[in-house]
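Quick one: structure below, then a few questions.
Naming follows writing order (A, B, C and D), and every chain is counted from residue 1.
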Amino acid sequence: MAFELRKYTPPDFETEDLRSAPDARLVPAPADGVAPEGFHAMSIFPEYFRLGGRWLLAEESRMDCVPVLEDGRIAVREFRHLKKGDPVVCGRTENGEDGIFVHADGFAEAAGQRENFAFRTGRSRETSFTRDYDELRELLRYERENGKIVWVLGPAFTFDSGARDAFARLVAGGYVHALLAGNALATHDLEGAYLGTALGQDIYTQESRPNGHYNHLDTINRVRGCGSVAAFIEDERLEDGIIASCEKYGVPYVLAGSIRDDGPLPCVIGSAYEAQDAMRAQVKSATTVICMATMLHSIAVGNMTPSYRVTADGTVRQIYFYCVDIAEFTVNKLADRGSLAAKGIVTNVQDFIKQLAEGLGV
Amino acid sequence: MAFELRKYTPPDFETEDLRSAPDARLVPAPADGVAPEGFHAMSIFPEYFRLGGRWLLAEESRMDCVPVLEDGRIAVREFRHLKKGDPVVCGRTENGEDGIFVHADGFAEAAGQRENFAFRTGRSRETSFTRDYDELRELLRYERENGKIVWVLGPAFTFDSGARDAFARLVAGGYVHALLAGNALATHDLEGAYLGTALGQDIYTQESRPNGHYNHLDTINRVRGCGSVAAFIEDERLEDGIIASCEKYGVPYVLAGSIRDDGPLPCVIGSAYEAQDAMRAQVKSATTVICMATMLHSIAVGNMTPSYRVTADGTVRQIYFYCVDIAEFTVNKLADRGSLAAKGIVTNVQDFIKQLAEGLGV
Amino acid sequence: MAFELRKYTPPDFETEDLRSAPDARLVPAPADGVAPEGFHAMSIFPEYFRLGGRWLLAEESRMDCVPVLEDGRIAVREFRHLKKGDPVVCGRTENGEDGIFVHADGFAEAAGQRENFAFRTGRSRETSFTRDYDELRELLRYERENGKIVWVLGPAFTFDSGARDAFARLVAGGYVHALLAGNALATHDLEGAYLGTALGQDIYTQESRPNGHYNHLDTINRVRGCGSVAAFIEDERLEDGIIASCEKYGVPYVLAGSIRDDGPLPCVIGSAYEAQDAMRAQVKSATTVICMATMLHSIAVGNMTPSYRVTADGTVRQIYFYCVDIAEFTVNKLADRGSLAAKGIVTNVQDFIKQLAEGLGV
Amino acid sequence: MAFELRKYTPPDFETEDLRSAPDARLVPAPADGVAPEGFHAMSIFPEYFRLGGRWLLAEESRMDCVPVLEDGRIAVREFRHLKKGDPVVCGRTENGEDGIFVHADGFAEAAGQRENFAFRTGRSRETSFTRDYDELRELLRYERENGKIVWVLGPAFTFDSGARDAFARLVAGGYVHALLAGNALATHDLEGAYLGTALGQDIYTQESRPNGHYNHLDTINRVRGCGSVAAFIEDERLEDGIIASCEKYGVPYVLAGSIRDDGPLPCVIGSAYEAQDAMRAQVKSATTVICMATMLHSIAVGNMTPSYRVTADGTVRQIYFYCVDIAEFTVNKLADRGSLAAKGIVTNVQDFIKQLAEGLGV
């Protein structure tokens, strides 16, 4: 089964309804960080705005953010990034009557799939997942050559030596193009590389080391002393694990700070909103996103990932979004928020990643 | 890493305390199915009873059941199997003072492990499981030649084509020596072999078949019409799946009835207590037990599985007990009931079995 | 808010389609316990069968069972209860074209509610439940006078003294008309009344009693010695708890045996299928069913509970079905099986029952 | 049952071991934000440091942070707050041999309780919670007069009208002295006050409003337009809910930003570490902390809450820490991290808070 992208069918703007649609209404933002009343908010689907008689596609969308006309294009802005006077599209219909057209059916098969999905009313531990593994494997082979694969990792992902090694092999194999995580994931992973433990427990034998609760603090303190993760890795000649592999293969990673952090590590972005910006900078070019074992980061990234991407040559393609977690609650949470394109896999991420790496032959 | 059984160290009966221990007190059961007041109840550990000055080991134990002297040996009986007048051991101490000695430390390393386990206070999705897979793989290779591997399966196990195939390969490979399950597991599995679905959904493509909710009923009805599962499999020339494989390779399976059953299939044991007896008949010679995706059957089998086995040549060896489930609650439930020897793995059983089969090269 | 039943609107049999519908096809069962090929299976909805030119409603339905013409009425039989030659309705359409009409929209508001439900794709811990409590309270007040309230309890329900007391007050207050449970629920509850513990732990202070793991066995053994639960309660002058209250107020209870049982208690029905029959005998007149903290019994009872009831005076009314569990998986399981009329509440049943009893003023 | 604080027993510094203990070793921090090698890290227990021959208690402790001598007292600093040259206590023993004494048994009964707790290996849905409710009620009555009660709320807490009202009544009743939460909790709550919905669903009827997915964005945008939450509440004359109640009764609240935020609201602290500082400023005087329905905030606050508090008059008292969540995983997570003093209650927080408010008569 060779992987093939679904073809995108743009809207037919020659229908009577859309031909007679008015221009979208633009209203200046009344103050910095504030949208005008009646502002339009984006969905995950391709949306077109009629302006000057032409339909403009928002090329880099983000759910729940606001379309702004900028240099003849539609930019999609977070509220906090609005500037007073920015011309914001207003209107809350989706069928063109206000010059706004939301194109939910652009990927024909996708529509079919959605129907199926609805039938199941969410995925559970009892869903049959073998086909999803098969499809994902083919997808990743395609994306390694043609796309950008962004991974989002929860802190506990790196507690198991096998999972950690599998991910490092995926990095080495070219299947990881960006990593989004937090201070804890990086700390635990570096503790593994430095001392062989995570929170003081051996990541293979499960044995607790004497005074092992110091291990993550010692790791953080050493990194802070070295001044950077890269310097620490070099000083200590670390080779294994997620972060060391990213450093070695030049994979960019964004570490967002959180209120539960110790330390933090030097490169962690303390501001939630600067972290959002840094994450969106990676997601803006992503074609496949895989979230594992994190609700916070999955929702954060899910919110900023639309269902489509406009590629360099102007074609519109689908974005694939996977959420892998042992809790149905987490997996189904994204669907509840409107990210219907998300595909959930309910399992322990350790097994998911080991099986995926095995299937990809890395 | 070649697998080696832990050595069993019998109690030292020459200590002062045990040398001076009295004979255990035997009291006749006052009525059928009723134990005398003060009856002793068994744990999962090897227990010795002093009778006529000699220490007798209960050779086929079962937690919460009652030791009875029978033909010079200690039999362990469910309450419902007691007969009026049966000589029941009474006494509730464990250190020999009542002629009863519970030997919790017979498997030295086991004791060490228990300590570790206690530290973790239960296993969770975040436990590192790679080592458990490695050990289990070695264990199963050993047991294929030297032991008896009993599998306990919940109904949803067979919803995924890949998991079903992996289990069938384990049967073919000699890693399955008995199967304990219920009407639903067998029905879903035979529906898969017969119609390619489970509860009407394709077990690979996840698609719902038109009128697919009839599929399990049609399957059950056909089997009932054929008179037996074996006749049905032959008539329909079924080859794949769990039950067909067991039939093909002569692996005994016990299907216990439950109040949620449709049908049932002809060979299902409707009486919960006859089903218990049939299950215990298989467990009595088991050396490794693996429970997957079922709380009811896991607890039932856990209750009837002691921590040790007396083999044909009289040596005492450990029984290995695994409980694999996506819910920590299920996995940790057994430990709460005293089955400390149980090892829990928290994951989706689909991934567990596929990875295990892959690791065993089947 | 006074509670009012939804009005049932029967099908309009005068539409062109239904007027021209043929009689349903009857085919004799080919053997005991076997349905003819193409048999019809029941849904949870009211179903009408055209026979001799008249439309007959199946008055006591049960999902996945088979309609049989018997004495001019439609009986609904489990497969195992079919007799060779029984005239079974065949046909798998629902719109009348085969003389079978499934009436899914008889309770108008219900249809509207279903739509809403679909939007949520299942209930979760984050669903707002205050309205459900308010409605349930009004419903129970109505049903105490006009209906039959059947409760289904999982074994752990009785571990908490407060929950146990609340349920006993509901029994005393007239809100419990039948109880369906298993050996474990009754054993734990009687242990509570007899020794103040459940599995050896104090049901209020949470303290473990010395040698407390004998408590449930001593309780079972005493009951078996007394010959019956009633005799045990009288002998020991027990007053509190679920079972003692049912005995005191003459509330019938069915205890189904299972493979995890110790004992069992004398009145437990060992055969899964005889237990099903005894349960259905209670459910056949139920108008509200509330399942708490049990997946096995919830599914079993859910399968045998249709969405409607024909009352003594021939009117058709809705059956209310609640499933209360801390796990979304359990709560949503019933919906996946087609029991769309079920309403799920995701919480700890201890708090549910205490709050409900408080609200009802008992 | 009138509530009484447990008495604190200070260590006996006159034992031979402690009398002969050396002074603790102080090493200057080698750089800003970096601790010297061998630094000591704090536990949740009272810790004493021998300096100049006297034992100094760290008065405001925080797990995994570093003791620093400052103006003759022991300050406990996050790594990021260390300044080059700060005299940091080094040493990793706990029995005094390095001049460091960790006093884990200061609250006698607490020690006894811990043992019990260990037996249960964590709390589950099946733990009996009635006593915990009783104790908590008495505790809160005591703390209203004598302590400081800090509440930590997850975002979904305010989805239910009844839970929201109950919390508002607790605020009005004087049982809430500080609130720690995030942008989402405040947004959902203000949406409830402003539009009667949470994420577009009516918080009582559960009905979805047309275009309701705009409601939280409209709320955020309005607040941003008003310039502050207080101005918004005044402008819109809002009265109900959590945030409006806190504003009305002058209860301080800290809203920490996160990467999943929309907006954010004006008063949200975007920096994770400034948010930590603001949270700790509240926690520093807390005597009871109650976390509901949030893993992120529970862990964050759990990490910064020691087991004791030194009150204004110099006495040492216990801090009570509750974690209420429907997931055992969350509830037990804190214990795994060493916060053994935490008491978990496994239930839906809606029911918890309604029952608690009812019990307190507000």
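Following the convention adopted for this analysis, contacts are C-beta pairs under 8 Å (C-beta built on N, C-alpha and C of every residue); 3 or more make two chains touch, one makes a residue touch a chain.
Note that the structure is predicted; figures quoted are calculated from it, not measured.
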Joint neighbours of subunit C and subunit A, given as chain labels: B, D
Chain pair with the higher count of C-beta pairs in contact (A-D, B-D): A-D
Listed chain pair C-D, A-D or A-C that repeats interface B-C [over half of contact pairs the same by residue number]: A-D
Where subunit B and subunit D are represented by their mean Cα positions, the distance between them in whole Å: 44
Centroid spacing, where centroids are CA-atom means, of subunit A and subunit D in whole angstrom: 31
Where subunit C touches two or more other chains at once, by residue number: 120, 125
In the complex with subunit A, residue positions of subunit D that touch it: 30-31, 33-35, 39, 41, 64, 78-80, 92, 211, 213-214, 217, 220-221, 224-225, 256-264, 270-276, 279, 295-297, 299-300, 303, 327, 338
Residues of subunit A that touch subunit B when the two form their complex: 116, 119-120, 125-131, 133, 156, 159-163, 198, 201-208, 293, 326, 346-348, 350-352, 354-355, 358
Parts of subunit C lying in touch with subunit A, wherever the complex brings them together: 118, 120-122, 124-125, 328-329, 332, 335-336
